[in-house]
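Both complexes below contain chain A, partnered by chain B and then by chain C.
So, the complex of A and B:
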């Protein structure tokens, strides 16, 4: 009889440690989110390299466990394996490493060949500050509003880096929001691109960009760093690594380093970043009204960024000579979701004129958006950190 | 050449405008000093004495070991701070306290001089060489008991004009921050002055535009320069590209013209479109039929 009782006790104790005993409704909601991410990545191929690690991270982060038992398994438990991996997000050293890889894989030729496209990348950053104003009006503190606003930059690493400094408690919500909307760029942008352009504007054919010399390509990262980082030193970790990676690519003498930066290194960091960001969305800390507001403002920031990019091109066209007019369909690419935003310009351009290839033109504002959002992040950190 | 001059001048102007003439706060700051301690902080020996708080004004851990504290302008090496004590390693933006009790054998943080309330007290911190001054402060005579003299904000020694802003402090805060910040002052300031967020938005957008405009201008000018140079080079070579460089026709138009000329030159067909003309091509030798080409070694 005693043996039976102790067996029951043991089973009861074991039950208290299981996920079933500790589960709350929130955990299941978050697991559902994770599954949706994985579904979108596999079936729709929306940013699979990000959504798979994030989606699976959400599943891992939302397996309920007995938090009081100090098992050191949760991402927020100091010393746990997940917590150690999460330090790269919390301390903000994953994003600059991602930027190193982005720099090493980005060809800035389109931008150098037609430098006026850089300005579209600047205009689209209004998405960040428009969202900042909205967040302030919704009752967020200025530092929180800055962290939420950066979603509008459409740049995951930048958003994580800025939020880890300005409002670490919003990190999960901001990161998930930024990556979700980046994946949904093909859904969010086209309606606004159609709405804000006339048929005549969509048919504008742009001149083929000139060939850029190797000297100009090498000069770009050096001058880019000096001109932007002197102005906004707080963006140095991002800008420095971006341009450094690009110099590795363009110098022509560091091929092995460039290949590592744009290959194994960025892949490793993407896995760690995506997975830990996903795992940080533990229902107990993530499912709050605040997170829903962040999601709503995030969506608006993408819309604002898309619209301001397009409207800027339309205004810019008023002062440009006829043969140099820009197709406003590339205005959306001012957000830095590389290369998805540029691909959308191409798809829409071909829809209206099968001989109008906009991809190479759209890559200009697209990569300018990366620089612009890093500069904007630096400004926010300068004002609010 | 003119463009290079413009670019150089632009950069020079930017660099010169960026050179700050503002006085910088030192890396170590003598942050707060108490001359007469009657009812205040007690040391490990249960005694009350005057104290000197030193602040690490950098974002890195610094070690005070081997440096010198003095109250004598003519003797910079008066109290050598012992090396090898882990407690002299001060974390970023943190403090440590030295007791001015003239009891150096009581430990690392007990200096060999006392402070005198009846006269000005000069206190200085010197670098390991005993010559380089790290920071100095003069505490005015007549300090009251349990009153401190120092800086309201930790490590902020100068105002915008470069004048020292040392003063009698309202609160005595040994080994802790002189100014207790409950919230980020920048955030508080923004909440008060820019509740709508418009000011920050306009400022930020201006900065973003300025940064990218600088890039635009640079690459516009360097692009024109590169284009000019390559056109010159190509024009000298006398090729088809030279024609392109000298004309304003687009690449596609030139390609179409070239294709048409080529077709005209090699046109061997009759005018009738339905007749196929076969011209014999004389080829006496072809490597395909050469046995020599298929041999790896010559036969002996």
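So, the complex of A and C:
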């Protein structure tokens, strides 16, 4: 009889440790979110390199467990494996490493060949400051509004870096929002691109860009770094690494380092970043009204960035000579979702004229957007940190 | 207009103007690069060799 009672006690204790006994409705909602991310990544191929790690991270982060038992498995439990991996997000050292890889894979030739395109990358940053104003009006504190606003830059690492400094408690919501909308760029941008352009504008053919010398390519990251360091020192961790990676690529003598930065290193960090950001969305901390507001403002910021980029090109065209006019379909590429935003310009351009290839032109504002959003982050950090 | 709104607009204004100033400086930097270090088409090896020989002959003469 005693043995039977002891067995029942043990079974009861075991039951209290299981996920079933600790599950709440929120856990299942978040697990559903994770499954949707994985579904979108596999079937629609929306940013699979990000959505698979994030989606699976959401599943891992929302497995219910007995928190009182001190099992040290949760991402917010100090000393747990997940918590140690999450430090790269919290302390903000994953994003600069991602920027190193981005720099090593980015060709700035399109921008150097047609430098006026850099201004489109500046215009699209209205999305960041528009969202910042909206967030403040919706009752967020200035530092929180700054973190939410940066979603408009369409740059996951920049959003994570800025939020980890300004509002760490919003990290999960901001990161998930930024990456979700980046994945949905092919869905969000085209309707506004069609709405804001005339058929005549969509048919504008741009001049083939000039050839860029190797010396220019090598000097660009060095001079870019110096300009950044002196003007916006707070943007240095991101832009410094971006230009460093680019110099590794363009110098021609550090091929192995460049290949590591744009290959194994960026892949490793992407896995760790995506997975831990996903795991940080525990239902108890994520499912709040605040997160829904962040998502709503994030969507608005993407729309504002897309529209201001296109409208800027239209206004710019008023002062440009006929042979130098810019196709406004590349205005959307001012956001830094590289290269998806540029690909959308190309796809829409080809839809209206099968001989109008816009990709190389759109890459100019696209890489300018990377620089622009990092500068915007630096400015916000300078004011609000 | 409340002080919060004023501060918000000030930061947003400085931010967007700051980005444009930064980008214009970047633009000028690229223009300077193009002006002082323009692209020069690489000469085929034969042309380079013949030019070098000519220079050497001139120097000997």
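Everything below uses one rule, namely that the second predicted complex is superposed on the first by the 385 of 385 C-alpha atoms of A that agree within 3 Å, B and C clash if a C-alpha of one lies under 4 Å from a C-alpha of the other, contacts with A are read in each partner's own complex, and residues count from 1 in each chain.
Going forward, contacts are C-beta pairs under 8 Å (C-beta built on N, C-alpha and C of every residue); 3 or more make two chains touch, one makes a residue touch a chain.
These numbers were taken from a predicted model, which means no experiment stands behind them.
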Exercise for review: Based on the superposed arrangement around chain A, label chain B with chain C as either clash or fit.
Suggested key: clash
Exercise for review: For A:208, select first, second, both or neither according to whether it touches chain B, chain C, the two together, or no partner.
Suggested key: first
Exercise for review: Tell me which partner A:14 touches in the superposition: chain B (first), chain C (second), both or neither.
Suggested key: neither
Exercise for review: May I ask you to decide whether A:39 touches chain B, chain C, both, or neither, giving the answer as first, second, both or neither?
Suggested key: neither
Exercise for review: Please work out whether A:232 is in contact with chain B alone, chain C alone, both, or neither, and reply first, second, both or neither.
Suggested key: both
Review point. Touch check for A:141: first (chain B), second (chain C), both, or neither?
Key: first
Practice item. Report for A:133: first if it touches chain B alone, second if chain C alone, otherwise both or neither. Key: both
Exercise for review: Considering only touches as defined above, state whether A:118 meets chain B (first), chain C (second), both or neither.
Suggested key: both
Exercise for review: Among 110-118, 218-226 or 290-298, indicate the stretch of chain B whose C-alpha atoms run into chain C.
Suggested key: 218-226
Review point. So which bits of chain A does chain B touch that chain C touches too?
Key: 111-112, 115-116, 118-119, 121-122, 125-126, 128-130, 132-133, 136-137, 142, 145, 210, 212-213, 215-216, 219-220, 223-224, 227, 231-232, 368, 371-372, 375-376, 379-380, 383-384
Review point. In their shared complex, at which residues does chain B touch chain A?
Key: 14, 18, 184, 186-187, 190-191, 194-198, 200-201, 203-205, 207-216, 218-220, 222-223, 226-227, 230, 250-252
Check your understanding: Of all residues in chain A, which touch chain B in the complex?
Key -> 111-113, 115-116, 118-119, 121-123, 125-126, 128-130, 132-133, 136-137, 141-143, 145, 207-208, 210, 212-213, 215-216, 219-220, 223-224, 227-228, 230-232, 368, 371-372, 375-376, 379-380, 383-385
Point to revise | Of all residues in chain C, those that touch chain A in their complex | key: 4-5, 7-9, 11-12, 14-16, 18-20, 22-27, 29-31, 33-34, 37-41
Point to revise | Complex contact set, residues of chain A against chain C | key: 111-112, 115-116, 118-119, 121-122, 125-126, 128-130, 132-133, 136-137, 142, 145, 210-213, 215-216, 219-220, 223-224, 227, 231-232, 368, 371-372, 375-376, 379-380, 383-384
